[in-house]
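Next come two complexes, and both contain chain A; in the first it sits with chain B, in the second with chain C.
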Partner chain A sequence: MNDVIAIAPILMAFLTGTTALLVRSFPRLQQIVSVAGTLGYAVTVATLVWRVVFASDAMSIAYQVGEWNAPFGITLVADGLSVFMLTITAVVAVYAIVFSVRFIDYRNQRVYYHPLFQFLLLGATGAFLTGDLFNLFVWFEVMLMTSYVFVAFYGNSSHTAAATRYVVLNIIGGAFMLLGVGGLYATTGTLNMADMARTVSASGTEMGPVVGLSALVLVTFALKAGLVPFQFWVPSAYRAAPLPVVAMFAGATKKVGIYAIIRLYFTVFGNATLPTTVPGIPSDSLLAFLAPVILVMGMSSIVVGGFGALSCDSLDGLFAYSSIGQIGFIAVAIGIAAATTVAELRHVALLATLIFALHHALTKGLLFLATGVIRDAVGTTQLADVGGLGERSPVFASVFLVGGLSLVGIPPLAGFFGKFLIFDAAGRQFAAHVTGDTFGAASAVVVLIVLLLGAVLTILYSTRAWMGTFWGPQTDVIKTGTVDSIEVLILGTLAVLVICVGLGFEPVYQFADTAAEAAVDTDGYVKTVEFGGEGA
Partner chain B sequence: MTTVMTRTTARVVVPIILVVAISLFLQGHSHPGGGFIGGVLTVAAFALIYIAYNLDYLEDGVLGREVEKEESIGEHRTVAAYRRLFMFGLVVLVASTFSGMLLGDPVLSQYHRSIHLPLFGEIELASALVFDVGIFCIVVGGLLTVFSVVGAE
Partner chain C sequence: MTFALAVTVGALFALGTFLLLRDDLVKVIWGVTLISQAANVYLITLGGVTEGTSNSVPILADHHEPFPVTTDPVVQALVLTAIVISFGMTAFALVLSYRAYQENETMDVTEWDQ
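Up next, the complex of A and B:
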């Protein structure tokens, strides 16, 4: 089964990026190519989603690149989880690029902005689709190369400093991942993820090294996702990069880290058995080691992100810290999924992870782009300098309000379901432990308390952003600045989308349900890849 | 660094580096080597020339052209050529990627055929070499752009 639709999003982004580079002497044409290419990308993703999830004969699709059969060639796998992440990416990318055309300075757009954007998209897409661990590393690098340029894009000293930090950290992270991947190859004898899943499930594989090596890889994934203690690059990089690209960072590239954790631990190592004695976690798989680590990472991210956002005095910094906190919520949900052995609870927790990831991408995308509108209008995002914008542009204020309320988690917006499902999972985790295991129950209570604290902090800093920007007396810059109505219109449609995801939640839920199903379906994943040829 | 010693060394070493680079490049599809490593070695040769002589040496020393003083290195004729080389490489990659698909095979499919040349013997023609040409051009174009621009500052 070699259906070209599985590789179509990658080809689309690659082709668009190259074409945009070729026509760079014609800026208008370049913008058209870039936007049209991104729309085409969205269409291919939609087709892929239809084929994998919603069609009557829906099934996961594998693609053996260059006719080299698995496990020797590079396999691309489009299953529920991959296409769910691709959908998030596509939506954010379309909004980011359309907004860029309007927002980024005309001369800056000519400096390779569009080709770079397409290659960033290409990197994220490849990471979501690949079924090969080393290839995942390669796509990470593709994504990073463009991210470096974007962080240094404006070229001032602060941007260069942020970029240097970002480059150094990610090169170290990349080295860790390379070590981990190389070690896993030495241990299991394969790089193909499906083949690796088969190998570690079979008895007789030495599991000790796999645990340690996967921890090395986890470091890189956590770095990419911006989880505490690897979060410190996030605020400066987010403040330095152009805001539409920051929307992409928050919406797509951070999610690559989350996706990689889910894919590697739940899909690939999910069936591996090894005797464990982690207190409070009654599991006999590798997930028992992941659970405490990622729970602690997630909880500290929530706390650090929340308090950081509260103490930030600029809007983009506030949202950058908020982004750390929100990723913390996602990580906690992954931790709950890893800590349990009950299939149903694991499913609910993964579902919560995915819904929250979707909500975060949409909402945070909306808020970062809204920050862009403010910067465009008044030239600053310092909370002290803006104020009273609500009076000046009520329409823009309501768009921002939708984003803020969704971030807080008010029904019926997208954010409500994300938060609701995570609390649901945490509650169930507590209920499962309440009779008997004291340590488990205590840790579940701690998780619940931190989640509650995180929710309260979210309300506090969202309120702070809202009051500081839209209420109060109008400052001088607000009085003289003009809010770009086309930018607001673009954001308005995104706000409507956030509302629609909440109101028409049923298909979204169904989609995420399939994705969460696919995340733990190791056998299905292995079967999709279809080891062909003599290698099987 | 433009001492007689570096110049003499460069004069001897550069051709050797280039020959090794080409041989690594040509055997890439079936032996260790390939477009990337060949490209990096080629860049090393160029870097040596830049160190021993200067950035304009290629223009006035080799090609015998007048060097125009542009306002920024980004506009320099050599740098523009490097950038074009980079783009050309990318186009070759795209073409090589899609050609397999047009022939009804999966993306990135490669073909090869052995031909017999008089005197030379058996020779293998592989379409993977086209892909390698693309990578070679990207590496050489990209790295030399970086070298020239950073070196000029």
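Up next, the complex of A and C:
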């Protein structure tokens, strides 16, 4: 009954990574292996998506490693939510690796660039597919280990300083996660997520420790996602790492943090209730208890990211701060979903989360790669040094414009639907509270105002990036630099994809709808895992 | 036994946090290493240190009484994994700190740029 398709993406990334290591004396072959392997990865993900979501007999698939039945062995689960995240990762990875071959200096590519990239992909894939809490920790570390090397990749003073801070911060984050995971094991007696979901739903488990320990794990997830107050590693790490990898960071590894929050708190702890009621929180579920925390983190991320982006003087720094702000939007949507007890509103808010995550991965990937084109052409990304690029390369300017407009949320681009759904969810939350509950209505208004502020800030810094880079008189470096047409061509297809996601939104919506349903479907998740042996 | 372990975990975390807040990079690395180890010791204590039974420790099925005191085998497996990971991390952090020292020409992290 073990279906290998569920772990095919993991195998693919692992195989490509090791093959790329073996052929490292033949750089050309290594590039071919790496690109072909990433394309193969995308194909396996597409097959998995077909089997789990779109086929007529579509169903979630579980894989018991070594045929050890859950809850004793490690289980990997491919359900709607996992494969949605994998799809985002696959798209970003294909663009990042193809762009890398062109963008990264030939000699730098020989320094283990391709194997590292594949193992980064492997870590993210494993984290999305695993159904075991400790295994999630291990995949996190796999992903982190490679990202450390990428932050330190260029090895100058600022890069090593950024990498050191990033390493120290993440080792502490890892220790926190270990404490939380170990504590959850001691309390619930299991590490298997589905089994844990069963245990916490049943009465008899002491919920007090579970609340505290799950909050401890939330710290690590928020650190991975770069939410305020754990955001301070983001700008320096993003400025230090190679830009195609930054596209992966923003598109895939940050989403791992978001995914882990949704998976753990909605799927696993979704049915958990607290023994006591907390003043100011209407329902007694664990989610409602954590909702204000996630909401405040999300709202402060929007503000910090927005103002940080406005005051940044380089293009990559601007987008790094923007990435903090955009993750804030995602967290606010998660917070709204957690706060409500109405199934419909929770569904809409989670749908908004997923659509926004997809849009952010595509759009921010496009913009970071576009920053790479500019750095390749003129050797700098300081806004003061570039200008008038629009006149020099109108095609590249229009590609960048698509990214900027999608970030702002202009229809019919991908960004419009993400933002629209988040405002829709916030509006519904306000409407639900408007009669009677003053405190709830007031907090819903605050959320709406912060979202509006965030949207205005996004318009401001996108405009600033656009005007600073493409308008105005041509600077000296722009006059002498040449924009690489192949890089622009690669980005052009990504821009077309951003437009297509917006225009042909129906299947995307359907896909995200299935994923959002899977996120709250605890019973379905438990059923997929199919416990065997004495533990059942 | 439990009390001694609790004191050890507390002391390791305290010392680790203290070292983490130093200016000297080597001390910072020592700090994170200690915190990782503290987390490992904490994990070991979680299952409780009690007399083993053949139910929780399968290998004891062939043994006769008295059973030795032991911790939960599952957490031992977890700690083994965590030790390997933190070993790799520490090795990487030490190499990185040497390179960071070469590039920034000081071990004092407060004097680095940014």
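Things to note:
To be clear about the criterion, the second predicted complex is superposed on the first by the 528 of 536 C-alpha atoms of A that agree within 3 Å, B and C clash if a C-alpha of one lies under 4 Å from a C-alpha of the other, contacts with A are read in each partner's own complex, and residues count from 1 in each chain.
Basically, contacts are C-beta pairs under 8 Å (C-beta built on N, C-alpha and C of every residue); 3 or more make two chains touch, one makes a residue touch a chain.
Since we're looking at a predicted model, the values are computed, not measured.
Partners chain B and chain C, once the complexes are superposed on chain A, both fit on it without clashing.
In the superposed model, A:64 makes contact with chain B only, not with chain C. When the shared chain is aligned, no partner comes close enough to touch A:209: not chain B, not chain C. In the superposition on chain A, A:388 contacts neither chain B nor chain C.
In the superposed pair of complexes, A:524 makes contact with neither chain B nor chain C.
Put simply, the three-chain overlay gives an angle of 40° at chain A, taking C-alpha centres for chain B and chain C and rounding to the nearest 10.
Touch criterion not met for A:492: it reaches neither chain B nor chain C.
Contact with chain C, but none with chain B, is seen for A:145 once the two complexes are overlaid on the shared chain. The partner that reaches more residues of chain A, of the two candidates chain B and chain C, is C.
In the superposed model, A:158 makes contact with chain C only, not with chain B.
With chain A fitted onto itself, chain B and chain C come no nearer than 5 Å, counting C-alpha atoms only.
Shared interface residues of chain A, touching chain B in one complex and chain C in the other, do not exist. Residues 2, 4, 7, 11, 14-15, 18, 21-22, 63-67 of chain A touch chain B in their complex.
Residues 134, 137-138, 141, 145, 148-149, 152, 155-164, 167-168, 171-172, 174-175, 178-179, 181-183, 185-186, 191, 236 of chain A are the ones that touch chain C when the two sit in their complex. Of all the residues in chain B, the ones that touch chain A in their complex are 87, 90-91, 93-94, 97-98, 100-101, 105-110. Within the complex formed with chain A, the chain C residues making contact are 20, 25, 28-29, 32, 35-36, 38-40, 42-43, 46-47, 74-75, 78, 81-82, 85-86, 88-89, 92-93, 96-97, 99-100, 103-104, 109, 112-114.
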